[in-house]
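Alright, structures below, take your time with them.
The same chain A turns up in both complexes below, where it pairs with chain B and then with chain C.
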Partner chain A sequence: MTPPVLEVKDLVKAFPVGGFLDRLQVGKGSLLAPQRQLRAVNGVSLTIAPGEVFALVGESGCGKSTVAKTIARIYEPTSGEIRIDGEDVSRLPFRAMLPVRRKLQMIFQDPYASLDPRQRVRDIVMEPRLAQGGRLSRRELQDEAVALLAKVGLNAEQANRYPHQFSGGQRQRIGIARALSVRPTLIIADEPVSALDVSIQAQILNLMKDLRDEFRLSYLFVSHDLSVAHHIADRIGVMYLGFMVETASRDQLFREPKHPYTRVLLSAAPTLDKSNPGTKIEIRGEVPSALRLPSGCCFRTRCPLAFDRCAVERPALKPQADGSAVACHLHDRTDTERMIP
Partner chain B sequence: MADPLLEVRDLRTYFHTFGGVVKAVDGVSFDVRQGEVVGLVGESGGGKSVVGFSILGLIDPPGRIEAGEILFAGENLAAKSEEEMRSVRGGEIAMVFQDPMTSLNPVYTVGHQMDEMLRLHTDLDRKARRARCVEMLEQVGISEAESRLDAYPHQFSGGMRQRVVIAIALLAGSRLIIADEPTTALDVTVQAQILKLMRRQIVERGAAMIMVTHDLAVISEMADRVVVLYCGKVVERGRTAEIINAPSHPYTRGLLDSIPRIAERRDRLDQIPGTVPDIRTLGKGCSFRDRCFRAQPVCAEKTPVLSPVRGSLDAACHFPLEETAP
Partner chain C sequence: MTRFLSSEFFYHYRRNLPAIFGSALLLCFTLMAIFGPLLVAQDPYDVTQLELMDSFKPPVWLEGGDPRYLLGTDGQGRDVLASIVYGARISAFIGLAAMLCSCLIGTTLGLVAGYYGGLADSVIMRIADIQLSFPSMLIALFLMSAFGTGIDMVLIALTAVGWVVYARTVRGSTLGEIQKEYIQAARVAGLGNVAIIRKHVLPNVLTPLIVVSTIQVGTFILIEASLSFLGVGVPITQPSLGLLVKEGFDVLFSGIWWTSAFPGLFIMFLVFGINLFGDFLRDELNPRLR
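Here is the complex of A and B:
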């Protein structure tokens, strides 16, 4: 088997929060300023094979974007391993990351904020190449930029324009061209279509699929939209409150979701298909704060099936017989005594 | 059939900018009946939000309602003065905005903001108002309502804030609620709760709602009838099920086909080619023609008018799609 493009093990990212004054409190007769931490990602593991699209889904605040940005080393991981083509890059200093970035590029959510408004499009798309120390003549630069833009459906004349002259969908195409400029093997896409209208969203999703086939790319695709994830992904990981609660192949996940949260998420999403309207699973309340994680299972406060053990013991992500993995005590046992009906 | 609660007739709202006149809403007509949810859908720039704002008279210069009637229970809102409109807003017609983070005032308590609505539109005394607020918060699913009234908006989560906004909209017993992307900023599990709540409140009160959204999936679950807008014009309207299952306008069809569906996975999504044209430079003819797969020379010559196609569907198209169209 070919080695995975990306292997993440027990990734943890915690952010210190609050200023010094916010944290001040009196304890045991003296003034203390304890460190408070927002635990955004709590031990996430995942692997992506060459040419595979892995989608991370979940609601806002579940840590899916933080995982993506930590893998790209925009955030420093608190602990854990990030292996790209077998090499652990989680502790590499800035300069040593440079060659790694030839293999890994990122596409951002907001096509308005992620392009420098003062650079021409041809310079934007060639920036990663130049950062890699590429020495190119003016002529070569121009030709390469035009070739890249052609790949994403923009024409040569547009290479000399500035970002504000483009619509949201076109800008996202520029962002994709920029990511492709160093011929990466892995592209991390953080909600690449959520800022776009549906008709434009379809264009970008189709383009990303075509490019994957053409360049044998792997994607780590972050999305809050289940139907988008279903459309593009081979495998899907569902996150909740910084934990990976379930990973499975796309078909498995949608045919037979195992974790109660996955079921809730699937049933809550509005759809055009009115095949089974009456089957919405009721769920109460909202996501707890990441500053005070619940004891035991992260989902127990909202889970309709929670029982005693859930408050005491944190379930680990355990592989199941069918190749998926679930972090739920209900799926922990080999016997079917507690299996969800 | 009962008289419509709201009739919008040939509404035209234009914005006079330095770059030219933006015809954000250009001849839009539709009805809303009691107990009904009408969905306004379309992509950004379609003019759907401006319709909602026009009904409430919330159009600021350089924008202006140029023509058309907005008949609410027989009265033309478009002809009312600002003073008169102030008693309509929040009273007879209430609005729920997209962003629950900004539609509440951060320096007043939630209770104060709810109370304001009752102070302006009812003559209940202080105690009765307070009791009404508590009752309303409980109805929208906020527990410990009594103590939550004294909390500030930042102490609520996004979903809770949107519940408060909805509670405020429902407080004065409005007969029409205009909801502009009410759940777009919320997560799906919370969205499901809020949609259910809104639907129930509308049905129980016999009120009506105009739901402005870009999300056809939400519309298909919420609305009784749908009005599809493109470049400020109604391109299609009709019963929700008919529009979702067998649209007659190529634009509606394109919108529906570009949504990834879980039940039927296609390798590629059918995309609408191109982008929305610049609304300032629209000439005569159909504004969708450059992106339309059925466009003929006549589409550039003659602007199609909204006319009955089949069933409940009206479409503005020279070549509407058949029910069994591929």
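Here is the complex of A and C:
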């Protein structure tokens, strides 16, 4: 079996919150400045095989983008391992990351903010390539840029334009061309279509699929849109409050969601199928604050099926017989008598 | 050129009367500062060309005026117009040079503060805040009296006063830019901090920089004029416009008004022109004010 392109183990990312003065408190007769942390990602593990598309889904603020950006080392991981082609890169200093970036590139969410408005498209798409070092003549640079743009369906004449002369979909194509410039094996796509019109979304998704086949790419695809994930993903990971609650192959996840949160999430997705409107599962309350995580299971405060053990013990992501993995005590094999009916 | 003439910028310019007036003033003064010495008959700093007999001649349209001295003469028989032409060169040089120096220092500090944040940001911006709590004139005056006079000293004083504006402007714009995803994209591409600042942040904060720079030139010319008027600015051998006003001011109450009034008017129109054009640039280049 070929080694995974990406293997993430117990990734944790916490952001310190507030300046020194904001944190000052009086406690026990002395001034204290406790370090408060926003725990955005709490021990996420995932693997992506060559050529596989892994979608990370979840509602806003569940940490899925943070996972993506931490793997791309836009954020420094607090702890955990990030293995790219077997090599742990989570502690590599900035310069040593350069060769790794040849394998790993990223597509961003907002096509209007992710391209420098003062750069020509030619220079934008060649930026990762040029950052790798080595001199290119003007001619080579132009030719390579044009070849890249052709891959994403833009023409040579557009290479000399500026980003503001393009539509959202075209800009996202430029962003994709930029990611391709170093011929990576893994592309991290952070909500690449959520800022686009629905009609354009399909074009971009299909382009990404075609490019995967052509370059044998793997994607880590972050999305809050289940239908988008269904369209492109081979496997899906569901996140809630910085925890991975379930991973499964796409079909398995949609056919037989196991974690209570996944069920709620799927039932909340709008459907056009009138014959099968699905049963809506309603839950109460708000997502707990990432500043104060609940004890035990992250979802227990809202889970309709929660029981005593959920508040005490944090469920680990455990592999199931069918190849999926669930972090829920109901699916713990030692607790089979409580299996969901 | 044709692209410029059909641009939105030029379209708005053509419809903005103050901007046209301001830039016309500036153009006149620039031409005058460059070619003026060829046109005026006298080099006011060449003592051999001065005629003491011609001292305190009034402007040509008044009784006793001399057609050789259009705006009259001062106590040494110096042609006021010639003095203005030469003085304008010194004033303009000081204004532009101080703008460049403070722009360089202020922009660098602003970029560092905005991009790196943390301690560097706190230290730089607190110094700026402290400095802004004093009138800039007072600081310049203090520096000049402490370290002596001369064009180089004026430049140092103006730079010390002026960098704050740049630092604050650039820091603010930088904070806005580094939030944007293209900075993160550059990081993923593998660019280091210095490369990101140079290739991405700086070009994107350039617009407010241009606006501030225009206005700052006017401010610097004014401060320099004030310093020279108070006697702590440029030396008498290199009189700027402010020093001319001061020299004339000494004899103003003897009824000899032209030696101070004309340099004063000149400063006024120069700064007025700069500000008119600067305001136009600000409105035009700042999308939020559109």
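Here is the rule we go by: the second predicted complex is superposed on the first by the 336 of 341 C-alpha atoms of A that agree within 3 Å, B and C clash if a C-alpha of one lies under 4 Å from a C-alpha of the other, contacts with A are read in each partner's own complex, and residues count from 1 in each chain.
Following the convention adopted for this analysis, a contact is a pair of C-beta atoms (placed from the backbone, for glycine too) under 8 Å apart; a residue touches a chain by one contact, two chains touch by 3 or more.
Note that this is a predicted model, so its numbers are computed, not measured.
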Mind checking the superposed model to see whether chain B and chain C fit together on chain A or clash? fit
Which of the two partners, first being chain B and second being chain C, lies in contact with A:Ser114: first, second, both, or neither? second
Between the centres of chain B and chain C, viewed from chain A's Cα centre, what angle do you get? Round it to the nearest 10 degrees, please. 80
Contacts of A:Asp197 with chain B and chain C, given as first, second, both or neither: first
Which superposed partner A:Phe254 touches (first chain B, second chain C, both, neither): first
Comparison of chain B and chain C by chain A residues contacted: B
Output check: A:Met97 vs chain B and chain C. Expected answer is one of first, second, both, neither. What do you get? second
Please indicate which partner A:Ala33 is in contact with in the superposed arrangement: first for chain B, second for chain C, both, or neither. neither
Quick check for you: in the superposed arrangement, does A:Val17 touch first (chain B), second (chain C), both or neither? neither
Give me, in Å and rounded to a whole number, the least C-alpha distance separating chain B from chain C in the superposition. 10
For chain A, which residues are in contact with chain B within the complex? 59-60, 167, 169-170, 197-203, 205-206, 209, 224, 226-228, 230-231, 254, 264-265, 268-275, 277, 280, 283, 286-287
Enumerate the contact residues on chain A facing chain C in the complex. 69, 72-74, 94-95, 97-98, 101, 104-106, 108-110, 113-119, 127-128, 131-132, 175, 178
Which positions of chain C touch chain A when the two form their complex? 180-182, 184-192, 195, 199-200, 203-204
Touching residues of chain B toward chain A in the complex: what are they? 43-44, 157, 159-160, 187-193, 195, 214-218, 220-221, 241, 244, 254-265, 267-272, 275-276
